[in-house]
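Note sheet for the following structure.
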Amino acid sequence: MTSFVKPKIRRLNEPTNGLGKTRADYDGAMSTLCAGCGHDSVTAALARAFYELSTDPKDVVKVSGIGCSSKTTTYFLKDAHGANTVHGRMPSFATGAAAVNKNLTYVGVSGDGDSLSIGLGQMAHAIRRNVDMIYMLENNGVYGLTKGQFSASSDIGSKAKKGATNMLPPIDPAIMALSIGATFVARSFSGDKQQLVSLIKAGIAHRGFALIDVISPCVSFNDHKGSTKSYAHTYQYYHKAVHADYVPPSEEITASYDEGEAMPVELHDGGSILLRKLDKDYDPTNRASAMEKLMQSQQTQEILTGLLYIDESRPAMAEHKKLPETPLHSIPYSKLNPGADALRKLQDEFR
Amino acid sequence: MTSFVKPKIRRLNEPTNGLGKTRADYDGAMSTLCAGCGHDSVTAALARAFYELSTDPKDVVKVSGIGCSSKTTTYFLKDAHGANTVHGRMPSFATGAAAVNKNLTYVGVSGDGDSLSIGLGQMAHAIRRNVDMIYMLENNGVYGLTKGQFSASSDIGSKAKKGATNMLPPIDPAIMALSIGATFVARSFSGDKQQLVSLIKAGIAHRGFALIDVISPCVSFNDHKGSTKSYAHTYQYYHKAVHADYVPPSEEITASYDEGEAMPVELHDGGSILLRKLDKDYDPTNRASAMEKLMQSQQTQEILTGLLYIDESRPAMAEHKKLPETPLHSIPYSKLNPGADALRKLQDEFR
Amino acid sequence: MNGPGINDFTLRIATVNGTGSASANGLLMKAIFRMGVPVVGKNIFPSNIQGLPTWYEIRVTGDGYAGRDGETHFVIAMNPETYADDLAELAPGGVLLYDSTWPRPQLLSRPDVTVLGAPLSAMCNEAFKAARSRILMKNMAYVGAAAALLNLDLGVIEQLVTEMFAGKEKLIPLNMQAVALGHDYAKQNFKCPLDFRVTPLDKTKGKVMIDGNTAAGIGAVFGGATFGAWYPITPSTSLMDAFQKYCEELRVDPETGQNNFCILQAEDELAAAGLTIGAAWAGARGFTPTSGPGVSLMSEFIGFAYYTEVPLVICDIQRVGPSTGMPTRTQQCDIQLCAYASHGDTRHLVLFPAHPGECFEFSAKALDLAERFQTPVFFLSDIDIGMNDWMVDELTWPEDYVPDRGKVLNAEQLEEVDAFYRYLDVDGDTIPYRTLPGTHPKGAYFLRGSGHTKLGRYTEKGPEYKEVVDRLYEKWKRAAAFMPEPVVKKSDRPARYGMIAIGSSDAAVTEARDRLEAAGVPVDYMRVRGFPFSDDVTAFIDAHEEVFVVEQNRDAQLMNLLITETSAPKEKLVPVLHYSGEPLNFRFVYEAVETALKVRKIA
Amino acid sequence: MNGPGINDFTLRIATVNGTGSASANGLLMKAIFRMGVPVVGKNIFPSNIQGLPTWYEIRVTGDGYAGRDGETHFVIAMNPETYADDLAELAPGGVLLYDSTWPRPQLLSRPDVTVLGAPLSAMCNEAFKAARSRILMKNMAYVGAAAALLNLDLGVIEQLVTEMFAGKEKLIPLNMQAVALGHDYAKQNFKCPLDFRVTPLDKTKGKVMIDGNTAAGIGAVFGGATFGAWYPITPSTSLMDAFQKYCEELRVDPETGQNNFCILQAEDELAAAGLTIGAAWAGARGFTPTSGPGVSLMSEFIGFAYYTEVPLVICDIQRVGPSTGMPTRTQQCDIQLCAYASHGDTRHLVLFPAHPGECFEFSAKALDLAERFQTPVFFLSDIDIGMNDWMVDELTWPEDYVPDRGKVLNAEQLEEVDAFYRYLDVDGDTIPYRTLPGTHPKGAYFLRGSGHTKLGRYTEKGPEYKEVVDRLYEKWKRAAAFMPEPVVKKSDRPARYGMIAIGSSDAAVTEARDRLEAAGVPVDYMRVRGFPFSDDVTAFIDAHEEVFVVEQNRDAQLMNLLITETSAPKEKLVPVLHYSGEPLNFRFVYEAVETALKVRKIA
């Protein structure tokens, strides 16, 4: 019952990234999820994205709440610090951690139960603060770990494995995030690795909070007929709206693209995100219109995916809090201690 | 420091309502808020609405959280049961109370701190459940009772009394509510009593959760220049979109109205709400378009008021939970006790 | 102390979760039960859904003891991952059966145990086609082998299989075929039955095998609960599942189709508390099941209910803490929390059921106490009681039971009173009257968690504030007399030593006491069933030289409560602490007491 | 015991909040302080913003006692709403001054006090035009009248007014005009000064008047805190206000304009805890101020920090509980909660500062302890300490102070170790090493509130789980030696009786002790400053026949901790409980002890 570390065997001529690391260097402990669980695909996509970005794993911080989804932070990037916090409260923990050292990359992993019920307030407020992190919401419409209760993302009419029908309207994380000022809102599907990897890379590059709502089916409790979060249902209603490719600062955008259909969004790090609209009249830089599309898609059950909204203009928390370059833990005490003189002077008003 | 009960002096020929009660019969204890506080006007509007509806005060249940706004539940309808709960958790308490007796009217009173920070999750989930209650969010952009911190409804750029500038995007309760499936969303201003009283009456008549976001300025901590929740700012940017009049079941709709501009919404109690669009292309029965208008108004700082969205079709909690006519506390034990035979039979599987 | 013997041994089945072994294990246990032999079943499962080690332990206990033994005599090892542990677990002389489709010579490393290999997978793969059914059938095959080795009645097994597949009859022969595979293999290859085995008795008549959460859920139905709210958390979830199931079966109005109950899944535990308090304030009899983390989250609301005097029943099914801890392992580690939860001066009523029979009784009792005393009441159970099947007397409900709704004024009564004051102790019993919304204008009052006078008005005046909280203290003290009285098992001879325990420790402590007495150490035992403690508890401690307080936590929480909340001298109390997460066993208690007494004798 | 006299009396000013009286009252207190005479100021304010009764109490205490007297000798009654109470409050022989613009004959109902009427409103209305300034000037007018009656130095008052209106100089003469109005009226109409009055001394040199929250905020700045998160709640808000103020003044990098700190306003207390724990885990020295309801809400996270061993400083500024209670009144009612907060077996470190000087010192100390022991530390203050101005020695910071960051491995150290295991006690001091994110791949580990081994791996095995929680217990015990040692005030003569107190009770208990001794009852006094208790505490109890435990709550929470967490016999401890919400006064303590001892003598 201890967590098993995957055996590390490097193959001959195995491809490596800019840091000379192989894809396996981005693995973590062996998964203890159910065979076929969507979450394992998301884990793989995260590892792949970091591999492709040539991120040094030690510069990543992984944070999660509680749930099957939240367990996955142990299953990738074993060389990164990680934390399983308490249920629904990962956002505050992640925000606190992110405030300390703005030079690391923060990955939050959560579930629909963890984020939309017990954790709704915290997620919303992390969005407001525009904390510089990527937030993977592994959305299966159900509480996996506690065996199959409806979550707040269940659609009206969706059926539970035991037969009950959900009567309450869903909280769509993408719509909710847009409604309170999120700066990066994406949706994807654990079954579409290519799209997911692209979005993760874009999300990491984004300045501020990047939400990726990933439909990630639960094979044990929500993959049956009548569920609107099953593999089958997701494949059927899956609709790609906007494809996003992250282009690092070093690379020039060479791909030719048709003005009306694709556009680059410049990032603060000098790189850019190249957007390809698969849906012509969808504008992922216009909040009101993105919202309109999303609300329409709710009516038609369509699952709109891709980079649904991006706004690079709003400062991230590190900026509006004027956080220093040096991590808070490494500022020398001599800089923190205002000194005896200052102490004497400030007491003038107390005499 | 005990709460003072207002002296009750009935004047000669004082007007009375259908129950023979005067407006003063809808009063409560004397307010201990600051002179000029917007919340006192909301209190007055609530008392007036109940008076005009000829509601028997004893059939009303008042519930609130903690804050200046939340104190106001003592300041009206002294003959109704009321409860000041804990900070941000009124929605759950109110939901529990409402589940017991579907024949009473439930009024929640809260503040922007109470509802949008500590209480965001609970408010959202009460909305999802479509609890049959009216929810007054007395919104002053500030924590009044704790002396002036920004709340989550503060607009970007709004200035605190002590000088700080808010950098975080606001949570607009109306937008948030729409985004998660609210069935009645209105906005008003403590300074516009007439609109407020109409909306309250409509909200009470609505089946399900009726949110009224009331801009209710805090004269002590957020009524200065630079605040976007001051009286002056609100008057300046105030924009009425849709007027709503509640028409009780007994009355016929006699007012003539122009088809394009006004429309009646039929209520489950046989009455109706007569909508008058003051903004021609605003459709308060279309969620996506209401959302669009609201998001646009955020850009222009316009404060869109009136009945912003209504949907009478979705069942309220009492319906989807199949709550009985008899309050849960009065079902005789003989009906609750399945009896010895049933007990014997159900144990067959345990042998 | 005792070795394995006829109708006296422990069997442990090691499998992987998510492989369907749970029903096979239940079948084994039920078969023994139906043969009239008392059994104890303990499920040791991991906190995940599929693929991790899981154990099911069956103690065959002809004497009828309800706790664990502490030794394992027979292991069915179906999970190679845990072979080593399973082998180590066996008492000398024990037997291990494993799936020898893949032979494991290292299992022979212990000369003092017998290892039997049966090629269960091979046989099932040969006999069955579908991949999933091969896995499931392997489980039935070990049931067959165990039946042969332990002398189980195949007819009883067939009957159970038949019941299990009611509605899917064509599965019955397939499953019996698998049973036969294992059974025949064992018969042909091993000396069957083993020396320790089952022989029919007549000791389970009038008994049921039920888990405490189910029993508590049924108790809430019969106790007249009309409201329940919860946020899912292991190990409390099945309590609400049971309440919901039986409400839906038994409480829907046949004429209107309306529900004579309301169950709400909350968005978190803070909301679950708020929902329950709101409903109780409005007059419903309600409760909320949870576990330690939930109680922590409810803390603010618990203090609110205490101070505003709203009935509130919280069923805390304890699991290993602190923090998330081991969510599928058992402990008694929230005793102190439940006694005093919330900031400020707060103290609550706590019930300590010891088995599913009491869960059934106390879940209704908790509702009665909460409404009578208008205060939070904790129903403090744990995983061991809540999620394991225990053999208890068939549940029966008192014909004359009337729910105690406490002091609630109705419209007629209000009509008659001059004035109603919510917090006035009009008749000196420390409990004021309350009213429900919608009853009568005279009954209207304002509930607040801020300072209030005995008339119910807001106050910031010290003396007015004190008057109310002083009464609350008196009310709490008075409740001691209304708690279920302690259960005492006295030694036949005068005993210098005593033992005190609560809840799920009872079974092991009872057995340890009997065996200590049999071994010449007379010990009296008091099982405490409620907090605040009655004077009997002090008297019991006073009457003994030394009292061992047996409990399942690190910090001696019950002992600390006994120290501060009785007048007994603390020097007399000796902690016996077990907190590994597995249910307590009698050997642990026996040895702890024996060792302590030896030390005394030497010193 | 003592009557009013020169430099020894209590003045109480009754006003309505929101009328600007706070600055006038502060002025009066400061004037006395500047005259070299020690003062004690207590602000008794309502939980609203405007329009309710509020009192400011100034004790003039030539002897330098820092607590309340318990009697009132002079009342400035400016709030007709509370005239009756204010009159009743006066000790016989006392004086009441009121605004006789509206004469109140009923104030003459007590023959044993002197009532003085001054038409303050009338005079101000005549002298000043603007409505708001009339209200404000009335406050200055009572300052003037008080100055005349109490012999205050007008020069000092003028100096204070000048400082107060720095930058708005044209207000100075106006305010002094109002002072003169009151002063002259009093001189002309009353016998000035009164018998009890102020005469200059030299006892305030090197002293400052500061409140505990401000001092704690400054302490956190000097202690090197870089992170703070909070959700606003009375009475803790001003602690973070102070930290923020001085950070902004003293901690912004002059070159880059970047902040060498981060302060986050949380969305609630659960988030405040999460933010602080997250920041601490990532390496910042952080803290979160709150009050009782906040601690309740943080409970789950507190257990998480305890079990995962993340440093966490919570400043609990206590107010009257339970529930919302009286949020602007003081109590010591969260002692037990802070000692054990959260479900499961949890126990924490608690510091008990007794005055702003210690707030300054202990807020840094709390950071040191939290980082050294990698565990939650409570800084347990209350409204009385936190929000009232106390006279304390000028704050000085030790030149050689170095923050204790505890056992953190940096990149070089990690490079050298074979392997890093988060929960391994490598050097036997019960404290493992930790690492910070971003340091070194070898330092990576996974933090979890679920079962983990000493190597930091997930586990559901009892023995592995126990190994870690057993070490946690040892670690907690070891911390006792690192807590600030108790402060003992011994009687000159051998004393049969002792007193124990913590925090804000200290001032009153110290004075009561002195006066008991003076009255012939020798009593020793130990002030406890930290939990877990050191052995000195047990020794102190052992050394006395009877020990009075003085505390400000209903349930004797400190006494209960002493009973369970020391080996002292509980029979020796006698509770002295004060919980009306007003700060403790020495008379209460004196009388409680005297009465108890009288009973002993009789019995």
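Each chain carries a letter (A, B, C and D) given by its place in the written order, and its residues are counted from 1.
The definition used in the following text is that a residue touches a chain if its C-beta (ideal position, glycine included) is under 8 Å from a C-beta of that chain, and two chains touch if they have at least 3 such contacts.
Which protein is which chain? UniProt says A, B = 2-oxoglutarate ferredoxin oxidoreductase subunit beta.
Keep in mind the model is a prediction, meaning the values are calculated, not measured.
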**Message:** Of the pairs A-C and B-C, which shows more C-beta pairs in contact?
**Reply:** B-C
**Reference chain B; chain at largest CA-centroid distance** = C
**Message:** Need the CA-centroid distance for the pair chain A / chain B, whole Å please.
**Reply:** 35
**Request:** Averaging only over C-alpha atoms, locate the centres of chain A and chain C and give their separation in whole Å.
**Result:** 40
**Asked** How many angstrom between the C-alpha centroids of chain D and chain A?
**Response** 43
**Touching two or more other chains - residue numbers and ranges from chain A** = 1, 84, 86, 117-118, 120-121, 124-125, 129, 152
**Asked** What residues in chain C touch two or more of the other chains?
**Response** 46-47, 267-268, 293, 300, 304, 308, 323-324, 448-450, 460
**Complete:** Residue positions on chain C within touch of chain B in the complex are 33-34, 207-210, 218, 221-222, 224, 226-227, 229, 246, 249-253, 256-262, 264, 266-268, 270-286, 300-301, 304, 308, 389, 394-397, 399, 401-403, 435-441, 443-450, 453, 457-461, 464
**Of chain C, residues touching chain A in the complex** = 18, 46-53, 231-234, 237, 265, 267-269, 293, 323-324
**Item:** Contacting residues of chain A [partner chain B, same complex]
**Value:** 117-121, 124-125, 128-130, 152, 167-172, 175-176, 178-181, 287-288, 291-292, 295-296, 314-315, 320
**Request:** Within their complex, state which residues of chain C touch chain D.
**Result:** 46-47, 292-293, 295-297, 299-300, 302-304, 306-308, 320-329, 331, 333-334, 336-337, 340, 342-347, 448-451, 460, 462-463, 465-466, 469-470, 473, 553-555, 557, 560, 563-564, 569-571, 579-582
**Item:** In the complex with chain D, residue positions of chain B that touch it
**Value:** 1, 32-35, 66, 68, 71, 84, 86-88, 117-118, 120, 143-147, 149-150, 152, 220
